Amino acid sequence: MPCLDADLEFRRAAFRLAARIRVPETGITALVGPSGCGKTTLLRLLAGLERPMSGCIRHGERVWFDQGQRIDLPPRHRRAGLMFQDYALFPHLSVARNVAYGQPHGDGEGEVRVWLDRLQLQTFAERRPHALSGGQKQRVALARALASRPEVLLLDEPFSAVDLGLRQSLRLLFQEVVAERALPTVLVTHDLDDVRHLADRVGVLIAGELRQFGPTSEVFSHPLDVEVAQVLGWDNRLPVSGCEGGWARGDWGRLRLNGSCSSGFPEHIAIRPHGPSLTDGTGLSVEIARVTDMGGYRVLLCRLPDRTALRIHLPSDQHPPALGVQTRLRVPDDCIVPLPAPALGAAIPASAFT
Amino acid sequence: MPCLDADLEFRRAAFRLAARIRVPETGITALVGPSGCGKTTLLRLLAGLERPMSGCIRHGERVWFDQGQRIDLPPRHRRAGLMFQDYALFPHLSVARNVAYGQPHGDGEGEVRVWLDRLQLQTFAERRPHALSGGQKQRVALARALASRPEVLLLDEPFSAVDLGLRQSLRLLFQEVVAERALPTVLVTHDLDDVRHLADRVGVLIAGELRQFGPTSEVFSHPLDVEVAQVLGWDNRLPVSGCEGGWARGDWGRLRLNGSCSSGFPEHIAIRPHGPSLTDGTGLSVEIARVTDMGGYRVLLCRLPDRTALRIHLPSDQHPPALGVQTRLRVPDDCIVPLPAPALGAAIPASAFT
Amino acid sequence: MTPWLDCSPAALLLSLEVAGVVLVLFLVAGIALGYALSQPIPFRNLLDALVSLPLVFPPIAIGFFLLMLFGRHGVIGDPLHQYLDWDLVFSFPALVMAAFIAGLPLVVKPIQSAIEGSARELIEVSYTLGKGRLETLFLVVIPVVRRHIAAGLTLGVGRSFGEVGMTLMLGGNILGSTETLSLAIYNQVLDGNFACATRLSILLGALSLGLFLLLRRLGRL
Amino acid sequence: MTPWLDCSPAALLLSLEVAGVVLVLFLVAGIALGYALSQPIPFRNLLDALVSLPLVFPPIAIGFFLLMLFGRHGVIGDPLHQYLDWDLVFSFPALVMAAFIAGLPLVVKPIQSAIEGSARELIEVSYTLGKGRLETLFLVVIPVVRRHIAAGLTLGVGRSFGEVGMTLMLGGNILGSTETLSLAIYNQVLDGNFACATRLSILLGALSLGLFLLLRRLGRL
């Protein structure tokens, strides 16, 4: 099956992007990273709207870009279905004509109607984009991209303009439609829920560098370094200033690591929110700053001696402590994830792409 | 203690905002709502940047605006510390001079330094705003607002430009600083985590109307109508087409309500994600569309017979079902929340404000 | 009292003719240049500078340089005269040229900035949907920036009525031949014929006011 | 061959003097009007229209109306002459007035749109931080839009060098008295003195080119 393969370098002023990525035809590949990391630029490079300095882009056997061979297919010959963050619907065309815009010549109205039906847009077919809600616009943009018979699908923050309580059903619809077509699909987002609920693979892009790439659950549960952990929403990051006899310490206290630290110690450790529990025995000294009931569990915001915040999830059946109480937190060693300093410029092993 | 009280009406073109709100001096009051609902306009009305058509705004005994008495204090005499969504730092001034800008005349550098220290900005004091990260800008804007000795604090999406893994610690710092000053504080946000982890009270604003107002946990667990539920992230909303003998039904199947439905039935019902469980016995017929491991629990995305999406949280110790499996879902009746149609124009009872 | 049209009737007609011709030229050149300058084409900066030059460069000086170029002994004017027996200066085409050069930046700039602004993403979407540059121009760019095109054309035509410096140089202010409405007012004042000057000014003012109101309606002024 | 400065030396000096005076006027009026027009003041639309008028209205027609107004028998010119013994038309102040009116919209518009754009929120923040309008103008507005102010001034001064229509009407093109650099080129051409016209054009061209490059450096053209 034809994958989308890219290995490219791009520079503009002080910004440099270098990424090697393989997007298989099945499932969805997400890209996350802090704002300005180059996510959107990478999509634009793939679509042909920006030109890499060097490298190549291939879709299956077809070469889209190759600096060496001087091949650079223009966007209209790549047929990458690109969905912009604000959808970029044509304001002067009706919904139906927006969807029909990218259709190869000679096609009848038939396929347009199929896509309008599929994305529940029949009732809006004659409206102009300005009269649509965020979720409706998003579906029109998706229908337009798919009706043009793209060979890959590139999506920039597809749910950011959609109201919260509608995202779940739109994600499901989106996932269904994408699965039917079996296209290499890249999803750029800053919403970790998008990644968790949609993506099969995720790449973490920081400062123009692809730091980690792999199956979603693996990347989320085992971030490679402290910056990746931050991007993936690991709030509980503690700096380690020393380590003796398997105990990592910092201004926040000390914690027993899984294994000795004779051969060096990680720069930071992260603590999983699920797992730690309050105790009267030994553990980290914490002050309870806030308790939030989330329905099935409670979120405890604790303050460590150095005033760092720690977020702990407790089962609802455990009695919640009072605010301001000084207590102790037992952290099982399988809840501690060592986070080395970022290894800049280290290539992701080729095995990650197969 | 002086509350901030407002009861006002505002119109611009087809948009109408009518809200009555009391913001006490303790804790944080959040305002949520879909984009375009008037959240930001309400803040601007309170700060004096927009002028209501009618109504009044009072801070304790002091009248800021009263249409009847023809009082309309200009923004500079209201001293509302307003933090804009993009922070609106003065680009030509250093961080220290930004913070000092709003200080009453004659004050020394002392207080500026105190605020820089308090918000961990000492090292950036001489930098210009363009050289700061999102989180640093946010702290500068907060320091500037607080250093001007405001009488109320109004914040528009204070965390939207902050990287995800930093929000937790910034929220805690923010909460501490606000608690020290004991000011009426209004927080406008579209991020439900901001509300859950920061706000003591929350108001839901839809199409210019304050639909629900109350303690955070109460509003989240008992939304008054289907639109409020959508704003608060209740994904699992099912339309009810009929009700017999205590059973609500729709194209999605049928569910037993808590109580009979002889005196009418709700337009929608919502289902709490925590509580329902998979069963071999009787229950809603569902197909498993996606399973996501969230660490302490699993999120199941199910599809109902009418292809509606349902999101269920299962404990990690329960065995997860395979994808595509057809199974049944037992929904205990305390997991079902009836959602009536929105009662437009219904005033929130005065008791909600005391 | 002389009837209104007795005051330089040829001048009014001439100004309207010039305006009509430059309107057509602006329509073609304004859209083409506005689109081209918003794309990454070679020599873009040079072309941009050339188009913008008349915004700051004094029209008399531009007119003089063009006179030297196109005059009977100029680098271009000489062969034109010798081989085609055609003299550009002091003729109708010279008036058109003056109005065109003076008004062009006013037409191109609004179109260019509209394309660079609101239309940029739409153009890119059109490309990814398989359309080429020309298709995109007609299917997307022109419909989307049509208000800016209208505003640019109005500004450009307004300038053609008011242009004096270059017109003096290239046209020569020849009564009945290259005397535009603006110049006719000046000539009537020099002749001490204030009644006619007033009428012509009111006429010209009414024309311009119409354009001005059209522009404010378009929300561009 | 005559030395460079022998060609209408007074005209060069006069143009520079006019430019110097309008620069100061533009600085004050441009910032004041740009700020005022970006705020919700009464009669804003009328003031805006008045300032913008010379963008479309032909300078000759404006010049003629002003001549009627300020001439010795005009509504304003008559009392000025009778009681103050002061004649505005055909004098240095008339040249300044012409350059000022022609250039004002070019100064005000960029400042106004910059204030309405990037500075709007900063002004509002300044108000909520307890500052009044005047403090905000000097502490925030002027420093933030200083590049737009510089660009507007450059455009306005550039126009003052090139203005012909209104200058002809109000100044009268009197040799040695109200003959600006632009008019001097025209006069030299009429006299058949092409050598001098060439030199003056180069001089004027160099001045304008300097302004033009300054504008492009400011990123505003």
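By written order: A, B, C and D. Residues from 1 in each chain.
Rule of thumb we're sticking to: contacts are C-beta pairs under 8 Å (C-beta built on N, C-alpha and C of every residue); 3 or more make two chains touch, one makes a residue touch a chain.
Protein identities per chain, from UniProt: A, B = Fe(3+)-transporting ATPase; C, D = ABC-type transporter, integral membrane subunit.
What you see is a predicted model; the values in this text were computed from it and never measured.
Look at where the CA atoms of subunit B (Fe(3+)-transporting ATPase) average out and do the same for subunit C: the two points lie 55 Å apart. Annotation: 24 Å between the Cα-based centres of subunit A (Fe(3+)-transporting ATPase) and subunit B (Fe(3+)-transporting ATPase).
With centres taken as mean Cα positions, subunit D sits 53 Å from subunit B (Fe(3+)-transporting ATPase).
Taken as a contact graph, with one node per protein chain and an edge wherever two chains touch, the assembly forms a single closed ring in which every chain touches exactly two others.
Pairs of chains in mutual contact: A-B, A-C, B-D, C-D.
Only residues 49, 52-53, 55-61, 64-65, 67-68, 154-155, 158-159, 161-162, 164-165, 168-169, 181-183, 185-186, 189, 194, 197-198, 201, 204-205, 208-209, 211-212, 215-216, 221 of subunit C touch subunit D when the two sit together in their complex. Residue ranges of subunit A (Fe(3+)-transporting ATPase) in contact with subunit B (Fe(3+)-transporting ATPase), taken from their complex: 34-35, 134, 161, 163-169, 171-172, 175, 190, 192, 196-197, 217, 221, 229-235, 237, 272-275, 289-290, 292-297, 299, 301, 303, 308-309, 311, 313, 316. Subunit C meets subunit A (Fe(3+)-transporting ATPase) in the complex at residues 121-122, 124-132, 139-140, 143-144. Residues 47-49, 74-76, 78-82, 84, 86, 88, 90-92, 101-102, 104, 144-145, 148 of subunit A (Fe(3+)-transporting ATPase) touch subunit C in their complex.
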